[in-house]
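The structure appears right after this line, and notes come after that.
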Amino acid sequence: MQLALSTWQEIEAYLEHSTGIIIPIGSTEQHGPNGLIGTDAICPTRISAGIEEQADILIAPTINYGMAQHHMAFAGTVTLRPSTLIQLVTDVITSLQQHGFTHFYFINGHGGNIPPVTTAFCEIYHAAGKSVGPAPRCRLANWWRNDHITALAAELYGDAEGHHATVSEVALSYFAHPEAVKNVSMSPDIAPNGEIYDAADYRLKFPDGRIGSNPALATVADGERFYQLAVDALLADYKTFISGAS
Amino acid sequence: MQLALSTWQEIEAYLEHSTGIIIPIGSTEQHGPNGLIGTDAICPTRISAGIEEQADILIAPTINYGMAQHHMAFAGTVTLRPSTLIQLVTDVITSLQQHGFTHFYFINGHGGNIPPVTTAFCEIYHAAGKSVGPAPRCRLANWWRNDHITALAAELYGDAEGHHATVSEVALSYFAHPEAVKNVSMSPDIAPNGEIYDAADYRLKFPDGRIGSNPALATVADGERFYQLAVDALLADYKTFISGAS
Amino acid sequence: MQLALSTWQEIEAYLEHSTGIIIPIGSTEQHGPNGLIGTDAICPTRISAGIEEQADILIAPTINYGMAQHHMAFAGTVTLRPSTLIQLVTDVITSLQQHGFTHFYFINGHGGNIPPVTTAFCEIYHAAGKSVGPAPRCRLANWWRNDHITALAAELYGDAEGHHATVSEVALSYFAHPEAVKNVSMSPDIAPNGEIYDAADYRLKFPDGRIGSNPALATVADGERFYQLAVDALLADYKTFISGAS
Amino acid sequence: MQLALSTWQEIEAYLEHSTGIIIPIGSTEQHGPNGLIGTDAICPTRISAGIEEQADILIAPTINYGMAQHHMAFAGTVTLRPSTLIQLVTDVITSLQQHGFTHFYFINGHGGNIPPVTTAFCEIYHAAGKSVGPAPRCRLANWWRNDHITALAAELYGDAEGHHATVSEVALSYFAHPEAVKNVSMSPDIAPNGEIYDAADYRLKFPDGRIGSNPALATVADGERFYQLAVDALLADYKTFISGAS
Amino acid sequence: MQLALSTWQEIEAYLEHSTGIIIPIGSTEQHGPNGLIGTDAICPTRISAGIEEQADILIAPTINYGMAQHHMAFAGTVTLRPSTLIQLVTDVITSLQQHGFTHFYFINGHGGNIPPVTTAFCEIYHAAGKSVGPAPRCRLANWWRNDHITALAAELYGDAEGHHATVSEVALSYFAHPEAVKNVSMSPDIAPNGEIYDAADYRLKFPDGRIGSNPALATVADGERFYQLAVDALLADYKTFISGAS
Amino acid sequence: MQLALSTWQEIEAYLEHSTGIIIPIGSTEQHGPNGLIGTDAICPTRISAGIEEQADILIAPTINYGMAQHHMAFAGTVTLRPSTLIQLVTDVITSLQQHGFTHFYFINGHGGNIPPVTTAFCEIYHAAGKSVGPAPRCRLANWWRNDHITALAAELYGDAEGHHATVSEVALSYFAHPEAVKNVSMSPDIAPNGEIYDAADYRLKFPDGRIGSNPALATVADGERFYQLAVDALLADYKTFISGAS
């Protein structure tokens, strides 16, 4: 069930049997020579759609912009200041709380979002201490941080999976948008590794945007396998979350 | 050309011949008994896609959440605080400025966004006074405020077009998502009119969410006509804007 | 009744028969070669004083500074950041709400204030959703956007009325401050028209500050006519507003 | 020379011989049974006008609202949050700096403004460390904290001068607005003294709003004496300030 | 009793007989050629420890960073923006209020903290007007602004006491940290006096950081005398404060 | 070398051979029945002092307050809002950058600080993109997340180490403050485990404050072992960091 394609009366009906919601959150940032700038929003959006096909769970519209400061030396990247993202996430949760939602499950496509989104959850819990009504429960599910996903990536690509513009995420985005598959030659095959600081330093260390990966290996067929694994793992995790078992 | 489906190197190439970009901005809010909660994001997204089919113009990912405080008494509505939306829009523009973009054309689906987005433009112009580089140009194009659109709506629906959950916007969203067309009976046929204050007052005055409209009249076929008119009108306006003629 | 010239006990008495208040809001910004920098505060202040002479309505002290970013390339202009003005207006309303005021009628002299003040109203309505007590009602009355005013200006000046440093506002300010009437030659007679972006662009397009106007036509006698029309129109609108009829 | 009654070209001319400006700042708050709610804005405004009569000094429009939280239990009081006042003062100074002003002399009517305005000065000095151009100089002149003023008040009223709704300030406001003189009986003659905490506590300790004063003694004639002393003292202090001698 | 060395259950027990707490607040800033950068935190921390030895009073951890903008031209100085310090102090008080504390006694070592900390108290009183529970009471005790302290300093050093990097504060910090006593020659013996504006101006006027003082006179023995006087005076003042007598 | 015990001239000298600094950051929050409220500040402070004994590294004053929202249902806990902590950390770094420091190594004692401090680093990198001078490098070293530390804790306590009020941190704080060792009986021996949400939920799940630990096992002797391991590991990590090797 898509929030964007529902009426308010349908949401009222949904709230009678569930107060949980899934919110995809991404980023708009460079993903190397053949990765899509929308990768981090595309993956959570597609995974959420897959979950929706399997279960009666409400999916909110995707938050398309995230915290991508370290990618700003590459054209097309958009970054929110951390404080903006904190407020954005806080407002989305706060609004839904007013209608009776209690469990907020964010499916995240971008590592850089983790500190500000987690900080937003703290703000929500902080506010909860001063108000009445059921306490909110928030979880940030980073789709790629998952035993199943990392095992498959290791099996398929070994060290070439990498840390940014990874083969798995590029593959999953290709599965979601086969019309946008790019054939681009890259050199070296596997990009260098290193620690991330500011944007200028990033470009110096990682001149084509990739970190430690060889996304030329990404295929639509592999993308479908990652997609399926992610749908299964996150659906199971959502059910545990919503049941209050953890 | 979709920013989300491009690589950073493709954006670098685009910037060599154009520094303009279209950014669809919507809202996630009730649209009456048969209107979609995503209407205000769906319409600008679909219109932008139509423009992209006709011209080599870059389209950014849609800002799906807006300022919808007055709809908060209806389930499923999400509102950003005005200050959050101001910061969000400011950050998106500021990021793109760093890459060399100069003309920011927002296609907007929601009246409530006008004050905060216009305020964000003021913040951008304020900051421009203190920095170097070409001055930014921002425009907020509200797709439904358009002689062609209002004329067609008047011709087709007369007084039943209304002011919220209008027939034209519901029709356009149905054209974009025919799988989500709803058949819902409403009473009275035409919703009451009145001034908007806070959320509780809104619900009292407009109990099913509509203002002055009869969206039961909305059809996919009509939606396509509004869509086509909007694409033509906004594409022409964008070209004038980017040329610096006004 | 002037809030500034009353005691707190007189305000307590006033609140027993009315919970409405008028708040003049202006700006401190250039108004061309013969227009006063205080024009936008002077006009609402004078109009409010005229309303007070005719009816038992409380008038708050004038907010003398507004959002005037686009005039910053002319000496003497002062601008608040939009966020500052939003907070200022919010605080004034919030304070008065605590004493029992419910209807806040701002008489505005400056177009640039419209987005931030309207945004402040949204913040007020947003907060109202979380508190008890009667819901606030806010209205922004732009004195010059008025059928009577625009008709008289068209009759007297035709195209020379213009869009900034208009003849009507300069005339009204001269009526309020005849000691400050200036005789300054301007060239061309009627200033150029165009769209407003940032401050540097404004100065380039409108080198003496006027937009589309010939304020050399302004006289004290005309100013009195505009003043009288504005007092009548806004008093009537205030009465409708306070009665809850719209 | 009043900023509000000048044109931008007159300000340009003023800047050629002086880069100093006087900014009156007040508050809108209860002043006991016979004191005017506008007292703290009226006094600095009137004193500034007196200074202007004696010297070619530019006077900005009055900031009519201040930080008056502790008076909020009395009808008609308006308070800005401290953060709002800090931003407001910061914006006024920052705007004027852009035109070349360097010396900002605030004539203040309200003790509660001292912490936030002084804090705003710190923000200005903080920003100055990061920008080019002449460093700003800010001074907050509290008109009543003055050897001449306190000596005269002691001579005329002894202990009845008090600490809020003082005889001297009520007298000065009566001199400025003789049409608003109030005859109100008060009991006890001299109000109690004590420390100020929050608004509810204030009302409990000082039930009619006065602290330690007997403003029934205030007369227009005395007000004129305070006015004259204040004009002389602050004009002298301004001249020292602007000369850079301290 | 040190908050940092207690358990939560011990604090629960403390709250049964007292709801007052002492919070030392300092700054990290230059104190001339022989003064310690931590002077303003060291003095309140040591005085608080002395008070704790004499009475069953809870001492919170020291706030080590303050508002020191004007010292930023000297290496090692750290300044919080005023807004940050306001929020920090507000959060500390607000947290302790939730546990039942009502009296917040800040022992301050730095003049520059006075405006923002006093502003924070206003924010606290502002918030108190909207919540339930006992009203908070806040006091800022500047240890050096004290008849006993100033008398002893005058007696020992006369004019050489000065205004920044004063002999008394350097002496007290030496008493607290005899291992850090420095022997540094300074010239002139007594530093110049003057008014404080921004950081660059400060360094120009006061090239070694001192204002009006000769801290070469500071000794551990004198420091102990100041320490003892401060402990006695502030303990007495705290007792009056907590009793509600003022 | 302690910043607090140095003069500004000594810091100038230090900057000639190093531009790195260590900043201990803690929290003031409950640590179960026998753990100190200051544990999270005490541990980094003591470890930093140990590092200082072994190498010429500058240590800043400790940030004693952190983000501890989830502990607020236990008396004595103080929490900063995440936004406050972000600003505080940002200001400390920004100030030190002005003097020429480039490497900021935070030794952290509290898991709840990780999201806001990491967010602050993003803000710093964001600002770095707009300014000149050497780019800053920031690292957050969580002393307890360390192979050596976790191995020793596992060896000594197995499952009783736990997740809050862990045996290792209580032991290290006892080593730093043997005078504050507490003997308190706890039941059950090992506290329950679970996920952390808001403060009320925390108290419900973990009624005495501990999570999964049995801190009754903590001894001063063990504390010294953890201390020594932490000093060695963090000193080595600091050296790698400062050398730019990672």
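Read from first to last, the chains carry the letters A, B, C, D, E and F; within each, the first residue is number 1.
Throughout what follows, contacts are C-beta pairs under 8 Å (C-beta built on N, C-alpha and C of every residue); 3 or more make two chains touch, one makes a residue touch a chain.
Since the model is a prediction, treat every value here as computed from it, not as a measurement.
J.: Mind listing the chains that sit against chain C and also against chain F?
T.: Expected: no chain.
J.: Trace the shortest chain of touching neighbours from chain B to chain D and give its length in steps.
T.: Contact-graph shortest path, chain B to chain D, evaluates to 2.
J.: Pick the pair with more C-beta contacts: B-C or A-B?
T.: Between the chain pairs B-C and A-B, A-B carries more contacts.
J.: I'd like to verify one number: the distance from the centre of chain D to the centre of chain F, where each centre is the average of its C-alpha atoms, in whole angstrom.
T.: 47
J.: With chain centres defined as C-alpha means, what is the inter-centre distance between chain A and chain F in Å?
T.: 30
J.: Nearest whole angstrom, what separates the Cα centre of chain E from the Cα centre of chain F?
T.: 25
J.: Among all residues of chain E, which ones touch two or more of the remaining chains?
T.: In chain E, residues 72, 79, 81, 83, 98, 129 touch at least two other chains, as defined above.
J.: By the document's touch definition, which label belongs to this structure's chain graph: line, ring, star, complete, or other?
T.: ring
J.: In the complex formed with chain D, which residues of chain C make contact?
T.: For chain C paired with chain D, touching residues are 2-12, 15, 28, 30-38, 41-42, 60-65, 72, 74-81, 83-84, 87-88, 91-92, 95-96, 98-100, 177, 179-180, 182, 184, 209.
J.: Show me the residue ranges of chain A that touch chain F in the complex, using the header's touch definition.
T.: 67, 69-70, 72, 79, 81-83, 86, 112, 114-116, 118-119, 122-123, 125-126, 128-129, 135-138, 194-195, 197-201, 246
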